[in-house]
Amino acid sequence: MNANAHPTPEWQVAQWFNAIAPLTLASLHGRVVLLEAFQMLCPGCVAHALPQAQRVRQLFPEERLAVVGLHSVFEHHAAMTPVALHAFLHEYRLTFPVGVDRPSPDGPLPMTMQAYGMRGTPTLLLFDRAGRLRQHLFGQVEDLALGAHLAMLLAEA
Amino acid sequence: MNANAHPTPEWQVAQWFNAIAPLTLASLHGRVVLLEAFQMLCPGCVAHALPQAQRVRQLFPEERLAVVGLHSVFEHHAAMTPVALHAFLHEYRLTFPVGVDRPSPDGPLPMTMQAYGMRGTPTLLLFDRAGRLRQHLFGQVEDLALGAHLAMLLAEA
Amino acid sequence: MNANAHPTPEWQVAQWFNAIAPLTLASLHGRVVLLEAFQMLCPGCVAHALPQAQRVRQLFPEERLAVVGLHSVFEHHAAMTPVALHAFLHEYRLTFPVGVDRPSPDGPLPMTMQAYGMRGTPTLLLFDRAGRLRQHLFGQVEDLALGAHLAMLLAEA
Amino acid sequence: MNANAHPTPEWQVAQWFNAIAPLTLASLHGRVVLLEAFQMLCPGCVAHALPQAQRVRQLFPEERLAVVGLHSVFEHHAAMTPVALHAFLHEYRLTFPVGVDRPSPDGPLPMTMQAYGMRGTPTLLLFDRAGRLRQHLFGQVEDLALGAHLAMLLAEA
């Protein structure tokens, strides 16, 4: 795989939750990064992807792996507002940082979702320590496979 | 059990989804009624109570048993609006009628929730064919037990 | 349904576990009876049917409902011996009475399995208080449906 | 971790299933090895460890990772015979090689179980490509963690 083939535009985030300061991809260089793009009313995100991201957060050390959520709303915009997201994160006890993917002036797809060409939610992106995109996975991902992907990236020099 | 000991005030509903006309407890006399009071951001409701209500809807005949949802929001009111509920019902493919428990002018608890003395969500109420409250169950209910409760009420003359 | 249409031959049991004395269908008259026919190496029995029978045992009163297992071995006879069954019941913490369906001199199907025309395992038979066969269910049964079946039989005069 | 601190005695196997020829640890040098020690009547093995081993088999390439089962019977010996194991492997559709841990003349614990100081079943052993023992895990192991362990070993030069 030619890792350089994937462009890795900086995230466009309108607002952060569970974070003291804004997180940029650039600021996370040196750590492996798991980005979980989700919608709070997407059943597959709620049942599988977000609990999995939380399990990853608990299993791997924070100083080597960053887990970041991205609320990429592309439908039902009036329902999935930042106020609603705040309540959702509280009720589901999600503790990792979550950014709100910046709405686009041109259409329903938010800007980071567009920039990365995501097909829907959940989408899981894995970046290596140099900030290169190494995995782009749409839909449900097996824990065994995700654990392997993460360890491979963590094992890289 | 003295079934008459339980008062059964009429539901206070501000708005209906998945219903052609407003549903009242009185209008359902002659049928057993399962009322599932929930909040769309309550994890136990989403993971257990609502899928269970949907299973009940699929298993029992509609002409003998009514399944009704009640969105009884008592926290995070700005997040769980009717607009958000509409999107939620669509995404989770819930097809039974759902009413919005009427907000109270006096505090966070909506009016039906107050009138029935519910302790939280999910709360499952079962009414017999004469409209009497026969079960008031808070929290997760086993399918085996719920199937038995329903059949007992359906078997009554 | 004409309940009398189903013949209800007495069980043929070679040996009992978890029982002080042999149990006959006749001796259980007056109680509803759930008979779970299984094989200890049948994955669907181990994952679904037997845990379900155990849940029924815990939920319903013993004096009104009898839960009985029947080890109906029709394949791998050398593997599923009474000695092996004894260890299985111990390891899986199954506490209801279990009979060994009597092997037939004429072929692989044991005698009760033959007499009731069972198609395989798991098979769940429900008898009413008069000892009549009321349900004959092959394969996985939903808890909601089973709870309803049991309550209907328990509610009969 | 000083990998050399763990002795790695050769397995003692009385009989193989799903294998054309006997498998030794020595013969697998060059591949990472997952050894799953189990008993066919151990509920945790049946519900978790063996399905997990089968998932590993499906996910990782056979030429780089060997998945091997070891039937380490330390109780109920009369129930868990090789004949019973053969039926069990067939019914549960387990396709990776499984050896029968050689019974000891001196007591109930079989010889490989003794040699590795296993505390019970399931026990999962992971060996690196040089045949060194790198993980010894008793009980239920999370898929995320196992995926990571395997990838780390596979990533080693």
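As written, the chains take the letters A, B, C and D, and residue 1 is the first residue of each chain.
One rule holds in what follows: contacts are C-beta pairs under 8 Å (C-beta built on N, C-alpha and C of every residue); 3 or more make two chains touch, one makes a residue touch a chain.
The structure presented is a predicted model; accordingly, all values stated were derived computationally and were not measured.
Of all chains in the assembly, none touches chain C and also chain D.
Relative to the C-alpha centre of chain A, the farthest chain centre belongs to C.
The pairing of chain A with chain B is characterised as same-residue: of all residue numbers used at this interface, over half are used by both copies. For the pair chain B and chain D, the distance between C-alpha centroids works out to 50 Å.
Averaged C-alpha coordinates put the centre of chain B at 36 Å from the centre of chain C. The multi-chain contact residues of chain C, meaning those touching 2 or more other chains, do not exist; every residue touches at most one other chain.
Judged by the touch criterion defined above, the protein chains form a single closed ring in which each chain touches exactly two others. On chain B, the positions that touch chain A within their shared complex are 41-43, 46-47, 75-76, 78-81, 83-84, 86-88, 90-92.
By the touch criterion given at the top, residues 52, 55-56, 59-60, 142-152, 154-155 of chain D touch chain A in their complex.
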